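Heads up, there are several structures right after this.
The following pair of complexes shares a single chain, chain A, combined with chain B in the former and chain C in the latter.
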Partner chain A sequence: MSTHDPMMEMYLFETNQLLNRLEQLCMDAERKQDISEEIPEIFRIMHTIKGNSMMMLLEDIGKVAHRIEDLFDKLDDISLSSAAIETIIDYNFEAIDFFKREMNKLELGGKADGSSFDLVQKIEAFLESISNGEKPMVPPVSSDQKYFIPPSDNQTSFIASEQATPDAYFARLFFDDDAQMENVRAFTIVHNLKDKAEDIVYFPEDIVENEGSIDKIKEDGFFILFKTSESQEEIHQYFSNLAYINNQEVNLIEDQDYDSILQDLKPKEEVVQAEPVASPPKVEEVSTVGASKQNFISVDVQRVDQLMDLVGELVVAESMVVNNPDLLGLKLNNFDKASRQLRLVINELQDIIMSVRMVPLSMTFQKMSRIVRDMKKKVNKPVELELVGEETEVDKNVIEKIGDPLMHIIRNAMDHGIEDPASRLEAGKDEVGKITLSASHVGGDVVISIKDDGKGLDKERIYDKAFEKGLITKPMDACSDQEIYQMIMNAGFSTKVEVTEFSGRGVGMDVVAKNIESLGGAIQINSEKGVGSEITILIPLTLAIVDGMMIRVADTIFTLPIMSVKESFIVSQDEVISNSDGQEMVMIRGTCYPVIRLDKHYDIKGSHLDHEGIFVMIEHDDEQVLLFADELVGEQQVVVKSLSKYIKKVKGISGFALLGDGQISMILDPSGFMMA
Partner chain B sequence: MKRLLIVDDAMFMRSTLKMMLRNQGFEVVGEAQNGIEAIRQYKSLKPDIVTMDIHMPEMGGLDALGEILKMDPKAKVVMITAAGDQKHVMDAMQLGAKNFIVKPFTEEKVIKVMNSI
Partner chain C sequence: MNTLQDEIQEIKDGMDFDAEKYLTFSIGNDKYGMDIKFIEDIIGVQKITSVPNQPDHLKGVINLRGIIIPVIDIRVRLNKELRAYDDRTCIIVVNMEDASVGIVVDTVLEVVSIEDKNIANPPSYDQEGDNQYMKGIGKFKDDVIIIVDCYALISES
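The block that comes next holds the complex of A and B.
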């Protein structure tokens, strides 16, 4: 990827961005069955892609974009039938796919060698069909061309002069082959010539209004008759300096010849009056329309990561200073004030760094609607995808890794979950299947759920299969639903007999599980036969830094994410009751909460006091547990260092943190303490 | 050294132009992504030359050209355009743009145009 030259890198980056936007616009248009609002933006995007691609000499890409641009240029003044809209959107999607394929090749260092021929032809044919009855683009060039052949007496000697009376010149100009828009070039020349010449007459005279004049100019050149007080040499020099001029003849005209040439050139007494006299130089305050919104720079993610690490270190360093043992017992009013200020600034810095990495899920979700769109045509099941909470922001890392898992799950839902329309009707469901993709922040997690109203998972079959493969040894009754459903996450697991184009033999789900795990996330599967399934993915937000509540148990200091702490209180030991299993409970406001004594739980020996410690109520997923510790030490932000691979996973521990005084603290994971 | 303002909504185009111009000793003093920004930057930077894309969001190149010429009738604006956009280019030239460059362009052509105005 990084081996590209910067131009290519930039091209790919920008084009990919435009394609994403384009895809979104097309999805919107398709949903509304109306494209009128999207026309200008799609036109502009195609225009940009065309321009950029042509610069990179990627002709096929440029051509496709160009055709669609043409198409959209036309659309402005045509009312479209819904069938036409659908075709247009389909072409757009085809084009997007084509572009993406080519971008992929380029990204991998290959050549964009896909042919645009078929697509271009299709679009052209369609363009023709909708523009039927319109006048052709280029009006036929009148056959009786009247042009002037310059006098051949090149003898007219060159006279360097500063005469008071201007001389008349006759020039014939040819443009470079690649000049393009020769008529406009000709116009520009005439326009600029006005600064130094007068009485300008030119041929072809219809350069402004008739694009057909281009051909005449190409063939015979552009003729200009003008009067100027500059010398022939100067005029020659002037034309040579113009861009795109290939060849020129400039001749001084004798007075007696002038009129005849003029007659020839100007049959209709046309005077150059092309310029609508520029409005008077009244310096007018331009209405300052609100500051523009797009102000992006693109930054290497690595640098953001580095910055994030540094801020993490900064947080630790700050607390090392502020909680320095050397300061213990000193009364430092001003120092405290200053350090509070420092803390505020660091907090803000941290928030900003975090937000820099956050990206809304909308792009990813949009991709999913594209997948559903494409797939429903192929599997022949009407399916509606509902997106909820697309604006939910997640870490960039998550965005990168969540795409494939979501795609697999959605494909599975469409292929295996949603029934065909006939069976749906039979089951008393709406003919149109529904998949809901939703995202939200819950506590410190991002929760993404994919819910379908299909036939649900077949628990018995999954169990049988798992049993057969030796993945489960317990009898079915002893397994929780969750345990059974989790089986589909195993590699090579599928109850489906036939393999379809979209979702194969369960190769996907284990990849899904791996991807989610690598994000530190978890997957929950719920399903009800005949009603539907819901797959919920829980991913921690970038939790590089956690607001922690420190609790001490003997000499050990644990850190609890403050987010999960509900309350803490002291209860005398005789209020602790035990149930028949020996599980301790405390009754608070009429509800019994189970107690976990951390010292026993982790077998911590030491100065253990049987006297009153403190209960901390933690919550996860609407479930509460009381942790019993010796005391609360305080609150601190900590940088999470994840468990290294060589450390066995300990239930209830999610990572480590370095405390201000250099001590290491284990970070507790509330979900690990829940009883269920 | 001539000071330039580049106006284009495509980052790729801006950087391509910038690279070409810098190679040839022009100073690119500003970049704008749309007409509104272009006008604002023109006011504060007073560049010698503006290169102006035609199709841009919020405010296109033609409107921006008009506004800039209103502020400074001597403004030198070069339109950057794509093939097949005669109509708009002609409008621009009639409004008072100095010249135009058609995409795709080469460094040589760009420099020649810049030097000729």
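The block that comes next holds the complex of A and C.
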């Protein structure tokens, strides 16, 4: 991205945002089978894309947007049949895909060289058919479009007219109020005009070098004097197609006047101002793009990360000061007051910086509905996707990594899970398959689940295949359902005989497993034959700062995420019972909980755990375990530092944390202690 | 110690690769050397927090100005008898592949430059023993300096 100039970067950022919004609008319209509500906004978005693209000299993109804009302009006063709406929405999606492809090329530093010819023609044909009041016919779809044909000359909308002698024109252009960078835009216009005109003289002359020219252009307009062989109409047309042009006057001038106007233009601006303004510029309402002004700035994620790290250090530094051993035993009323204030501010700062990184899942979910939409046509299964909890916010890292896994799971659900309509009716289900994609916060985790009401996983077949591949050696009865289902996460594992466009190669779930693992998450698969399956993904909310409870074992300090601590208590050692395997247990309120003595578990010497200590009950996934430690040290927020790659991964330890006094504590991962 | 560190920084800034510079340190009566281009810092020994279930040579982790880095004891690596840490004990922090690791040595001595021609290949009779951490044997003035292989020292087993 760094290779782009700022303008291009801005353009890409803005256009991508608009495209996402556009996609969402189209999905909405499709669901309702009514586009009337969305027309104005789609129109506005297309207008903006057109304007921006034209300014960036991306003609093909601009042209597509322009055609769609035309289309929507017409739609306002035509009532539409549902078939027509569908066609329109299809065109929109096609256009979105085209834009996205081009954006992608640009992002990678390439050129947007895809040709919009096919698409533009299709839309034009359609436009003609509806504006003639005919029954909209669906124009032939050329099955394989070639996007890399450079636009040939006859596609450009400017056909040189046969007029031999060039006429001189005098044009005065006004930009939209919110156009910005008028000078650059003006320069682009002049630059483009060079293709079809000669003897171009413009005022203000110093548009590129002098930023001040922006004000002049805003106030008086941008004057261009040129000679061209095109007709006045064509020129007029050309200017109105330009981005952000609000008002234009184009006048044909006689040869004798040419010189005098040239004289008028060349000298100072007084002369220009003196020129009578034929019609005062009127402000067009339609062109005020982006009615809801965005209060966003784009920030490099790396900087946010840095900020996050710093806040983390600040938290540590604060407790270093407040818990400084030098202060021990001193009575410091004012200091305590001030430090409480500091704590409050830091807490707030921390919350805010965390929230900066949080992004709602809605965008990702929206993409999934798009995938379902596209796929259901291809696999010929009516499927309805229900989205629940789209507003759930997760860390930016999670958003980036969750997209692919969700896509794979949903594809699988559609391709393997949901049966074809006939078999569904036979099984007494609704003809339309249903996939529910839901997200919610549960404790410190984000839970995303994908549930379908299809035929469910075929346990026997998965087992057979796994056995055949040597992934399972136990007999089937000895395997839990979970164990068997987890097999589908293995690379290259597929029970499908046939490979389709969407699935069957067995790579998908492997990607799912890898991505989720890298986020520190877990996957659960539940399925019932004939009823459906549900895949649940658990991802920790954030990985950076943890509210921890410190427990001490000899001189080692462990940090437990407070979220997972249920309770702590002291019981006498007599109440500890052990079973035949030597597994110790304590009975509390009628339930037996296994005990893990941390000193033995991690081979720490010097603790006196045989006699006294404290039990801490931790919970993970509805499973509880008692940890036995010397004592509770306290509660603190700690910054999680990941394990260095030179340190062997230890079960139950997820990272390190720095304590207030600079000591290092190990963060325990409750899931590593569960007996299962 | 600071002066030595400054010296290392200076050398690293204007590094010239013709005559390799080595930081020498002692283990018992032997002198060892380490290529200074990997060296990030030299610090006195500080409290090492041990981490369970790690190989013997990995003594634990330390807090180096807010960054937690693992520390290995070179004596374990070289199969030497262990020795209690004292105030001459140093931790040499090396940075390889963007990860820092501390190496505990008895004490650091000085920075010397040894030309390549004065470095002999290590004897090859014993691949199993401590030789795998040895890169060569250098001569400097009257001393013999065993040059260690940083990569081998810090990478696993």
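As a convention for this text, the second predicted complex is superposed on the first by the 479 of 676 C-alpha atoms of A that agree within 3 Å, B and C clash if a C-alpha of one lies under 4 Å from a C-alpha of the other, contacts with A are read in each partner's own complex, and residues count from 1 in each chain.
Operating definition for what follows: a residue touches a chain if its C-beta (ideal position, glycine included) is under 8 Å from a C-beta of that chain, and two chains touch if they have at least 3 such contacts.
If you're wondering where the values come from, they're calculated on a predicted model, not measured in any experiment.
Of the two partner chains placed by superposition, only chain C is touched by A:Leu658; chain B is not.
In the superposed model, A:Met7 makes contact with chain B only, not with chain C. Residue contacts after overlaying the shared chain place A:Asp420 against neither chain B nor chain C.
Contacts of A:Glu631 after superposition: neither chain B nor chain C is touched. Note on chain A: of its two partners chain C and chain B, the one contacting more of its residues is B.
Contact with chain C, but none with chain B, is seen for A:Val650 once the two complexes are overlaid on the shared chain.
In the superposed pair of complexes, A:Tyr602 makes contact with chain C only, with no contact to chain B. In the superposition on chain A, A:Glu313 makes contact with chain C only, while chain B stays out of contact range.
Per the touch definition, chain A reaches chain C in the complex via residues 313, 316, 556, 601-604, 641, 644-648, 650-651, 653, 656, 658, 662-666. In the complex of the two chains, the chain C residues touching chain A come out as 47, 49-55, 58, 61-63, 66-70, 72, 99-101, 154-156.
By the touch rule above, chain B contacts chain A in their complex via residues 9-13, 15-16, 19, 33-34, 36-37, 39-40, 43, 55-59, 67, 69-73, 81-84, 86, 89-90, 93-94, 96, 98-105, 109, 112-113, 115-117. Taken together, the chain A residues at the contact with chain B in this complex read 6-7, 10-11, 13-15, 41, 43-44, 47-48, 50-52, 54-55, 57, 66, 70, 179-181, 183-185, 187-188, 191-192, 208, 211, 241-244, 274-276, 278-279, 281-284, 286, 288-289, 292, 294.
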